[in-house]
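Here the structure comes first, spelled out in structure tokens, and everything after it is commentary.
Note that the chains are named A, B, C and D in the order they appear, and that numbering of residues resets to 1 at the start of each chain.
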């Protein structure tokens, strides 16, 4: 996997006329619904029809399920036909000539299906956590088993972490993109520029206090997604133990004692705000920090930087694919608070997945995302 | 069952010193939790310890369950012992010398347990719908089966509908109180005074548009209690078909074509607001209507009347046992809008149940409820 | 003003290449922000730059105000220039060659500015209530004064009520479009088909119980828009007295005693749900009613009809320009409940305004709105 | 002011029969309303009638204002008289024989009124920030001016910081209690035990990431308390600059570079959760930390401690006077996360004020607060 160095150019070539056949598996969840919405309105895909499929063994998707039944807000105007959703089969995917497959499936299924897709010559953008981490850590965190461990290890090594702001060039030519976690994206984009610039006293320890809306917990009805649990409430969870921590360690090249991350459940449908606390090696001024951010993201249309001391808020990013970043520096010039925000279903999931598709297809990175 | 006529006096005798042993079955739900809270702080019960039990076969209640584990907000100050919750057994209830049993259980369980309790000489306040309706309608609506149909029919005939504002005297001497539904209470209290006074053109039809917070849907995690379904949303449901309609018909002595009720799910934890539309037989002025309300509720401390055109709001009643009522009359003096509000877990459930307990024990009706 | 008869065809001509110069006054409010967002992303306007202006004497709009400062969520990607917002002057509008002016201004300002714009040859789409009602009623409801009463009366008579589903043809050639109220749109679209078909017993009286999110109350910070007032609450207001009632009367050709409408304030940011109660002249079946709706809206891409007994919800329409409609019929075949939903800032304001622009420009009605 | 050492006993003497006359100024705000509610239901005050007054020059309080008009949720049952609220005058307070005056007023007014009350022999519990900080810092933070600087300085030195868990004994005999800030209470109670025990590496720096509901921002209708700003949002504010920071420094005996605190605005009506990050001097185990907390709060009925790794949530404390505290320790035994929660209007304001009243009157500390 490449280094943290951001890629140095942005594709501005005119969008190509011929679009590849797209398939989406796992369309019934929240990320799947948003992915369907984005693909159905994507200008470069206007001549094609993506195929939408369920997960393996999903009761909700039968022989005559429609996208509208799963996500009523996606109902097309009255005169248009409904969009079918099929039970998952490889035949359906292969027969349609699928070139790129999105997996919005649980990590166990993604772990099983990615090798099958790649062997069939189909590129994959996987929204689960199954392929985001290096081999050893991945086993520890997700405890996945592989039918063909050797192939899985090779694919794991080949997988590109789908954060365009860090790995733009590698994504362009990837066969397998591991789409980042929602929390991880918000923290990595806040921290990467200064960590990469060597300005951060990483041994002092970085603290990320992150808060997410309930859609991040998924569509399953559980005690914690019950309205009565989440509404008018705030709770911390998985302190020292959230799975996204591994992505921070690998993408920022940190050890486990150099960063800690506490997730909280916010009483809102969507959006993440991360308040990131770090100490600089030496006293610095705000304009230097601004310059580091601006330079790092100079080719990244999906990151919006705020002039200090303005700070982003969740409302500014909800229903967009932007990650907004602002910061405030203490009077000692060393203690720094960086606030980052994104929509967990868009820049934290489906929007970023489409951003990766755009890169893989040679289209403008922001195509269909503004 | 007695007529609609409100009872004519309010008990103001000093609270008696000896309190009966109380038991509560089904304490794990929202109504059960609120009931426990009210009983633990009830002045007349300060010398006793109510027994708290689960439902039949409830996995959540094991041999060492505490009230605090089920409802963390009920945790006592650090120095106090925790309050045990026992699996349901008759032995536990009988051995403690229980005199009054609250059932905050599903209607199937209440239907089964009430005859057993009564036969053991234990009075029951049942919060389910099992005993609220007359025999025939009850079978149609709840489709319950009885081990001893004859006894059940007798108890059904004997059961008192636990709305103190309508049946105060009967409740005082009841063995079985059927605690009203939350929606029904809000609408019956809004409509009873004018219907009883003969002022309403009931053949024109009464329309009740009612809206409830999510706690009304219960603690089970379902697609409809998911935060993502309920938040930022409003939906109508069970149009023409909600079970509480039967209570309206019986308590207001109306036929099914004379009243209709549409429930809606509000994106709030608790509270009901009902907007009730009716037409008066002849043109009337606001002061006449006010007088009817004031007279009807002159002995009812739990109903607060608003001077027209002031209207109650959900926030005014949440976490109280009040039902607030206001109205506005059209310039024709005939079209009337009555707005009523209550907290569905208190006046709509557990608070009203304690109000009934107070009457059954000869205490002040509002004891422990202000 | 034309009759209720829906227009009979839908424009499917290819979008024309040359777009007119657009200006928007009053861009700082919620409707203004959504209007800016829609126009900036409108495919037919991609070659133009709309001009954005404040209201008269607005402190919030100074010489260097940007759209991003007023509406941070509209911030463009980092590499793009910010969008200026100018203090309102006629010179600015005229010098740019403006052909169509949107007014998202208070009704007093719209009343003053519309004659000035029309006299300068500029067409107007006015989002306020200033020009929606016929002369006499308008004076009663809005109490507006005119510099040139004769001209104002002529314009009032000429103004087209901007509901495309009712007045599509007249909008195409209008100089002045009075964009409908948010509440009114939700109720008129629910009721017009059956009223127009003569099926409704209008003398029995129609009752509309409508609920709106807080954005409908505008951006001014008041006691009623305070979070602490609106959150976890529901309140009825302006019973028998809401200004939008006049639109119902005129568009549905009803008298004041034939319809009543009660607005409620919902604890959500946006969305309206109206529960409409009416009685049919004679017993009817659901399929007949469905057929009336389907036929009435056969050329209307922005209305989505639900098969009975499915009902729309606010979440299905928020952030869309759709009005969703469903109904349920009582077993007597006469009592009917129609539920309609829309986003008050889109189909209830700015989206409908763009729909009207599309018609006035000869574009597809749904252009830029899907 | 005394040291951090907690007091060593809890008053269990029976409540005395004679209650002092109480007055409350500033009853129209949120804290004032909650204070009125608590005092009206306080068992030890059942024989008295507290006097309720407005702020200086408050338009909302006229000659015939009632508590119910200011706070409709406080409306008494129908048969009871309404509770008057008077414009503020010293005569009203003195003539009634007031012994204890609560000030729920802006800090400028509290600064002016406290000396006047003390000189009249009236004890004060001040809920503003005017008297919480030592002389020099106070001037820097609140920029207050004094009519009699010498007297003000003496009173400032005499004022007791009204946190019973830290200053129980001093509060009992205080003439002037400076009731703590809401944020400060949540963080001080989380941090004091371990800081006092000398276990914390304070030079490493303590980070407090705190989140508060909107009632903390007060009743004034502003852009930031607008429902549309606060709902579905989260925002950080006053980074490195919140006024409550001074309380942390003084009560925990820390310097400004040893602790930082970031407040956030939560989309909920009430409740604060603080996530506190600190590093221990040496590797420690959870049971040692638990023991420190248990010992520190062994006489404090209003603090509830959670067994690690259980953590409190806002819902557990809302509408209670408890501060709930839990923690989780990293596997290195050094990095510690302490989560604390309280209701900003109760333990963070009015509840704590009544707790202080109880101590000053020799009553049980929790009287009227359970």
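Here, a contact is a pair of C-beta atoms (placed from the backbone, for glycine too) under 8 Å apart; a residue touches a chain by one contact, two chains touch by 3 or more.
On a predicted model such as this, the values are computed, not experimentally measured, just so you know.
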item	value
Intersection of contact partners for chain A and chain B	C, D
Most distant chain from chain D, judged by the mean position of its C-alpha atoms	C
Centre-to-centre distance between chain D and chain B (centres being mean Cα positions), rounded to whole Å	37
Computed distance of Cα centres, chain D from chain C, in Å	48
Centroid distance [mean C-alpha coordinates] between chain C and chain B, Å	42
Contacts with 2+ other chains: residues of chain B	229, 232, 267-269, 313, 315, 318
List of chain A residues in touch with chain C within their complex	41, 72-73, 75, 77-79, 232, 294, 297-298, 300-305, 312-313, 315-320, 322, 324, 366, 370
Footprint of chain B on chain A - complex, ascending	30, 214-215, 219, 221-223, 225-232, 267-269
Residue numbers on chain B that touch chain C, as the complex places them	204-205, 207, 209, 211, 229, 232-237, 239-240, 257, 260, 262, 264, 266-269, 271, 273, 275, 277, 279, 309, 311, 313-315, 318, 328, 330-332, 335, 337, 339
